[in-house]
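There are structures below to look over.
What follows is chain A paired twice: with chain B in the first complex and chain C in the second.
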Partner chain A sequence: MAPPTFQVQDLSVVYETDSGPVPAARRISLSVDRGETLGLVGESGSGKTTLALAAINYLPANGRVKQGASRLNGLDLLRLPKREMPRMWGSRIGLVSQDPRSAMNPTLTIGRQLDEMGCRHLGLGRREARDLALAMLGKMGMSDPPSVVGRYPHQLSGGMLQLCAIAMALLTHPEVVILDEPTTSLDVTTQATVLDVLTELKTELQTAALYITHNLGVIARVADRVAVMYAGEMLETAGVKALFARPLHPYTLNLLRCVPHLGAGARAERPKDGKASGITRAAAAEADASGIPSARLASIPGSLPPWDDLPRGCIFAPRCPLVMDFCRVSRPPLVEVEPLRWSTCLRWQVLLSDEGRAQAVSVETRAGVPPLVEDTRSRGPLADGGLQPSQEAVSVPVLEVKDATKAFGPARSRAHVKAVDGASLSVPQARTFGLVGESGSGKTTLARVIAGLELPSSGRIFLAGESLKPSVGARGPHMLRRLQMVFQSPDGSFNPRMTVGRALMRPLMIMNRLDRKNARERALELLEAVRVPASHFDRYPSELSGGEKQRVAIARAFAGDPDVVLCDEPISSLDVSVQSSVINLLADLQEEAGTAYLFISHDLAVVEHLSHRVGVMYLGKLMEIGEVAKVLAPPYHPYTEALLSAVPVPDPTAASKPVRLHVSVSSSLGIPSGCRFHPRCPRYLGDICRLQAPPWRLSDGRVIPALAPTSAAGPDRPAEAAHSISCHIPLEELVRLQGAG
Partner chain B sequence: MALAATSVFILFLFAALFGPLVAPYDHTAQDAAQRLQGPSPAHLMGTDNFGRDVFSRVLVGTQGVFYLGGAGTFLAAVLGTALGLIAGYAGRLWDEAIMRVLDVLLAFPALLLAMVLLSTVGPSDINLILVITILYIPMFARIARSMVLDLRTREFVEAARLRGESRRYILFGEMLPNAVAPLLVEASIRFAYSIFLVASLGFLGLGVAPPSPDWGRQVNDARTFFDVAPWMLLFPAAAISALVISTSLMADGLRRVFDPSVEGRRR
Partner chain C sequence: MRGFIARRLAFVVLTALLSSMVVFAATNVLPGDVATMILGREASEQAKDELRSQLGLDKPLVVQYGHWLGNMAKGDWGDSLSTGQDVRSVALQRLRNSAMLALVAFLMYVPLGIFLGVVAAWRRDSPLDQVISTGSLAFIGLPEFVTGVLLIALFSRALGWLPASSAIDPGSGFFTAFPSLILPALTVSLTSLAYVVRMTRASTADVLQTDYVRTARLKGLSTPSILFRHVLRNSLLPTVTVVAAGVGWLMGGLIVTESVFNYPGLGRLVLFAIQRRDLPLIQATTILIVVIFVLANLVADIVYALLNPRIRYR
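What follows is the complex of A and B.
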């Protein structure tokens, strides 16, 4: 048998840092053959990017390969002199990085940058190189390559730019290509297209590919084999189907159980027949078989071991639910436990049975954690103003948004953009309204308008029936206390010069008028309720992990015992295993405190998992709104349909859905006339979509014309109906189309 | 490097604090018999044209430099930071008003502006300090303003607004602590410049009135005697450069401590 195209043997990498050497990757071996894609999965700090960069001799200046070899068709890249490498990169090795904007030179047209590959590495003339570039872009599925090559990077959308970057990497038909999270910064619909293109090209070009990602769904779509990395070591490797069906390392198993699976059903109002969403039942069924209630995600307790104090035994032992004494004795090697399946776990056989798997999954429970709901003593004098849970309260929505519109830029100018255009929604007590949409859909702007951080151009917001002042500064402490927000970035959420304790005490003192002593007591209770050790009270935010910070941010939002918490992508910057524990925490707190959430996310599976009602936004307008099970089942709005079929499901056996949106070429903003989705709509009807705003179609058969004032529609506005879609296509027709397709 | 500079700076600081106490001679004491003597164990830096001990005069002169430059820089830092915070947070009208006025100040060469102002109001300690303050306010205001513009969109500031904090608390409690590091670095750089400015003005006769031992004036006085008594000029001049260089090197070190990315970029 011929040696594999690309082979890494026993590779160790050390970074020299101010705080000492960091062994970022340790004794890793892998191989990729031509036409094969090896998926490298791991959370941040797993060393996956380090490994890939070291393997192609492309480490940053402070990185050093300690030992090992990396062979490309027999040639050891690590023994080559440094000056030989630039010739290899680009011609025999391709690299696609996460951010295409920084990978491209902003001062040169795309064409010039692509031509250079042909001229430099293939020795072509200008004209031949341009022909090759155009042909390559055509292979990427672009409809009009000549218009793309004449543009500068800033004139292209992120998705289009990434397609160009991939074209550039593959132009010279390299023997191996490293794809480092190429779709992570893209929208899910764009990601689906890019993944399709990659899968196609893989067959055509027969390139060996190393695909790095943290997204298990993406891995399931593109990889033939998967290697799982953790803390700089490889824990398991296997064929993609075998790995997802039957992981043989507890870390892999837990990772798979950390992510909510689209179609697994929501926390409430779960469809009984189980066919409602029709995505993947297999995943949900398996989760049920192992005895985990699907309402609770697995989460991996603890954190990565510190670099300067790695455990002597199994690297995962400190966090492993299956750990035994012998796991801690010495580092177990990666061994072939079954044909073509390697695992470092000494107890892999436990994972063969359902009971064993159930035992290996760690699900943290709320047991032993003091409830968040506090006694009246610490609530302070303003507590009486709060909402009392009663029959009446349930019928009146806690949060109601009517026709909120937010426009930026001067009116009648080209820069005038309605980021939110007439959004109406309502959230009852103890319920979650999930808001999904791609970047630029206006979901964050809507949350900021509700919070009063942006002034709405028009529209009203009600909190438990009371009209809210538009500006946060005018609202007064008793209103502020009842509406709080959790932000996307855990790093930005805290003042770096303020201790965690002070960050928690401040809202208690301001909004609840507690004195120092009581505020401190209550702050400590809050920390405990979100499972952050009390020892963190006097620490600065930089000393906390991302997950801990986000927990404290949640505690801060809950400090005033709010009625509504706006969650703006609170988990999207966290690692998978940490995400799940934050999701669980939010669900627990909602149950205990009866808080309503507006949960914003681009991740449909998470929204499905947490939400009772869902709204789908596109370019500032709600396209579809309703109960979660109804929104995620036909009839869908064509946009929802495209979103759903674009979500990569962590199940390699799931059939890929055919609905794709083309990647928009231009980066410029501009809101299309008529239905704003029409230029990308896979179910485009014709002039009516282009010229007329679509009506709201309610599940009870009523149709509300787009231009009718909301009040004329009576109490059952689209915002409150069981399910409403804003589309020119009648619901029955949508069912027929989508049932077939 | 920064460490050595800091030790030199501290040496000068001691000289400023205790100079008059440790000076071997009274800095104003004239001794006609000892005129224009070269450096010797009795007079480490020699004597000047009135027979005064140059070492004592340099030592005592440190005080004036620290006092004038320090007070001027400090006042400029306080006022400039306040103006910058207000400009950055109060909205467009205030921002425009404050920053344009400061731009006008910046448009003049520093030394020229100082000379014009001082020759109008007349040189005195207080006036010197005020001139330094006026000259350096724009730099501090600009830094404070840019920090505010950066910080105001940060989520922790929005969280503070969401819990109903007052503007004053947000500016001084949330934002200012994050701006302290760059302001401190700026202050140390400005202090170095102010030493130079004080010396220059002294050289031009707009500094502290005689017989106070001003370094700049000493250099000026020594010019005429340079060919017979070069030490008279060399030592005060060396003191000026040593203090200026050590202070700016220290500022560099401070910047590196506060902003580790500067260190990283050096690789």
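What follows is the complex of A and C.
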């Protein structure tokens, strides 16, 4: 049997840093064959990128390969002298990196950057090289390659730019290509298209591909085999179907249970979720472990072992629910536990049974954690069991937004853009409104308008029926306390020179008028409620991990017992295993305090998991709004439909629904006339979509013309109806078109 | 791009106008009465009054300014109070001399500075880099009159290769003047060189760290392609700005250097005019300097835009 195309054997990499050597990758072996894709999964700090770069003999100056070999068709790249490598890179080895914005030279046209490959490696002249580049772009399904090659990177959209980067890497038909999170910086709809193109091209060229990502959904879609890395070591490797169906390492199993699966059902649908009692929690944990979808996600307690103090035995032992004494004796090697399946776990057989898996999944319970609010203050409809949101709509919503519009740039100029255009929504107590949309949809701007950080051009905001002043400065401490915000990056929201304790005490003293002693006590309670050890009270934000910081940010938002918390992408900067614990925390706090959330995310599965109602935004306008189960079932708005079919599901057996949006060429943000989605709409009807703004179609059959202000329509408003869609296609027709799916 | 240049040009005109106002106002509040200065202390009040009305000095300041500006624009810059020469021809001649000196200096330090800066960044933290970096730092600290004197001591006193004084005939041509230009140009260059080296090194080092240079390397490109096509285009952007801003610095250096070497340039003329309180001469020379400075920045902006497509296509 011929050796595999690309083979890494026993590779170890060390970085020399000021604080001592960091063994970032240890004794890793892998192989990829022609036409095969190996998915390399891991969270941050797993060493996946280090491994890939070391394997192609490209390490930063302080990096060193301690041992091992990396063979490309038998040739050991690590034994080649440095000056030979430029003949390998680009011609026999391709690389696509994460962010095309920074990976392409801003001062050269796309064409010149593509030409370089042909000129350098294929000995072509400029003209022939350009022809080759154009042919390659055409092969990727671009409609107008000549216009693309003449542009500079800043003139192209991120998706188009990444397609060009992929074309560049594959132009010379390399034997192996390293794809380092190539779609992470893209929107889901763009990601789906890019993945399709990539898969097709790779198959055609029979390239061996190493696909690095943290996204399990993407892995399920692209990989043939998967290798799971953790803290610089490889824990498990298997065929993609086998791995997702039956992981044989506790880390893999937990990782899979950390992410909400789209379509697993919403909280609103789950009766057990309504009853906030300890008994159902335990039951929930059990149900989860046995594979029944539940409200609670798995999360992996603890954090990565420090580099200078790695455990002697199994690297995962400090966080493993299955750990036994013998796990800690010596490092277990990666062994073939079943045909074509390798795992380092000594107790892998435990994972073969349902009970074993239940044991191996760590689900944090709230048991032992004191509730956030005193019982005297308990309130809200949750106390009497699962109310349906539609019944609840009768009561006064806690947060209500009427026709909010935010325009940037001088009126009537070309730069005038309505980032949010006439958005109306309402959130009742103890409920979550999920706002989904891709970059540029205006969801964050809307949140900032609600928070008063951005002045609306028009529209009103009500908090429990009371009209809010537009600017946060004019709202006064009482209102500030009742409306809080959690941001995407916890770093931005902390003063680095203020300890965690003081950061929590300050709002308590200012907004709740507590004295120092009481504020301190309450702050400690809050820390406990968000499961941050009390020992962190006197630490500075920089001494906390990303997940801990976000927990403290949440604690601070809850300090004043708010009515509404606006969560703007609160988990997207966190690792998967940490994300799930923050999601669980938000759900718990809502149950305990009856808080309403506006939860903004680009991640549909997370929104589905947490929300009762959902709004889908596109280029500043709400396209669809309604109860979560209704929005995520036909009839869909055509944009929602595309979004849903684009979300990569962490299940390799799931059939991919082929509704694809084409990748827009230009980076400029013009707002199309008529229906804003029409230039990309797969169900585009013709002139009517291009010229006329679509009406709102309510699930009860009413149709509200687009021009009527949403708030003027009285009780029929889309903002409160069970389900409404803004489209020229009637609902019955949409159901017929989408019915099967 | 055209709109961009038009906007910048309008800005140049505006700056020149503003500075002319400042210069005019400043020279009018300078202590000392012009009439007394021209006619001498013994002249009668009547004679002085007559002269004032003849010169228009009895009119309101605004009118005087308008009149003066009109004359400047027409090319009538007045006569020097101390030598009686036509200010315009003197100033332009000296400007030409300074320009020759500046050109020689520029041709010395810009290419050399960029070269040394790129080498230092490419071989970052090597002994070579350390020599270049510390060497250039040493020169930043040395004022022109020190380097000038040192260079004179070395090249004319000790070695006798070049003249110690550059007091040439103000009207001499470039090639006659050239031997006298080398030492002053070298003096001016050393300080500016250090700035260019440091700026180029810093920006090149930054660019070498970017993802797109990593992409270029992993495309397997040759070192010259990486350096010239991918690195320099981007790393020279900030350097261009520094070089242009350095023109102001250069002019400051010229004033000192021209004095040390007795070179008949604009810088020495300014000094002379200020010492003599020669108003027309002060006004003309200062405005010239401002205009040169603004034009240098304009050129820098245009070059910057040419190198940077994000500005070119807006």
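Everything that follows uses one rule, which is that the second predicted complex is superposed on the first by the 692 of 741 C-alpha atoms of A that agree within 3 Å, B and C clash if a C-alpha of one lies under 4 Å from a C-alpha of the other, contacts with A are read in each partner's own complex, and residues count from 1 in each chain.
Heads up, the rule we're going with is that a contact is a pair of C-beta atoms (placed from the backbone, for glycine too) under 8 Å apart; a residue touches a chain by one contact, two chains touch by 3 or more.
Values in this document were obtained by computation on a predicted structure and should not be read as measured data.
In the three-chain model built by superposing on chain A, chain B fits alongside chain C with no clash. Shared-chain residue A:Ser645: touches no atom of chain B or chain C.
After overlaying the two complexes on the shared chain, residue contacts for A:Ser12 are found with neither chain B nor chain C. Touch criterion met: A:Pro496 reaches chain B, while chain C stays clear of it.
In the superposition on chain A, contact of A:Met485 is made with chain B only, not with chain C.
In the superposed model, A:Met104 makes contact with chain C only, not with chain B.
Legend: residue contacts after superposition of the two complexes on their common chain; A:Gly560 is shown touching chain B, with no touch to chain C. Of the two partner chains placed by the overlay, only chain C lies in contact with A:Glu116; chain B stays clear of it. Rounded to the nearest 10, the superposed model shows the Cα centres of chain B and chain C diverging by 30 degrees about the centre of chain A. With chain A fitted onto itself, chain B and chain C come no nearer than 5 Å, counting C-alpha atoms only.
Chain A meets chain B in the complex at residues 61-62, 451-453, 472-473, 475-477, 480-481, 483-485, 487-489, 492-498, 503, 506-507, 510-511, 556, 560.
By the touch rule above, chain C contacts chain A in their complex via residues 210-212, 214-222, 225, 229-230, 233-234, 307-310, 313. Residues 56, 58, 85-91, 93, 95, 97, 99, 102-109, 112, 116-117, 120-121, 152, 154-155, 165, 168 of chain A are the ones that touch chain C when the two sit in their complex. Taken together, the chain B residues at the contact with chain A in this complex read 154-156, 158-165, 174, 177-178, 267.
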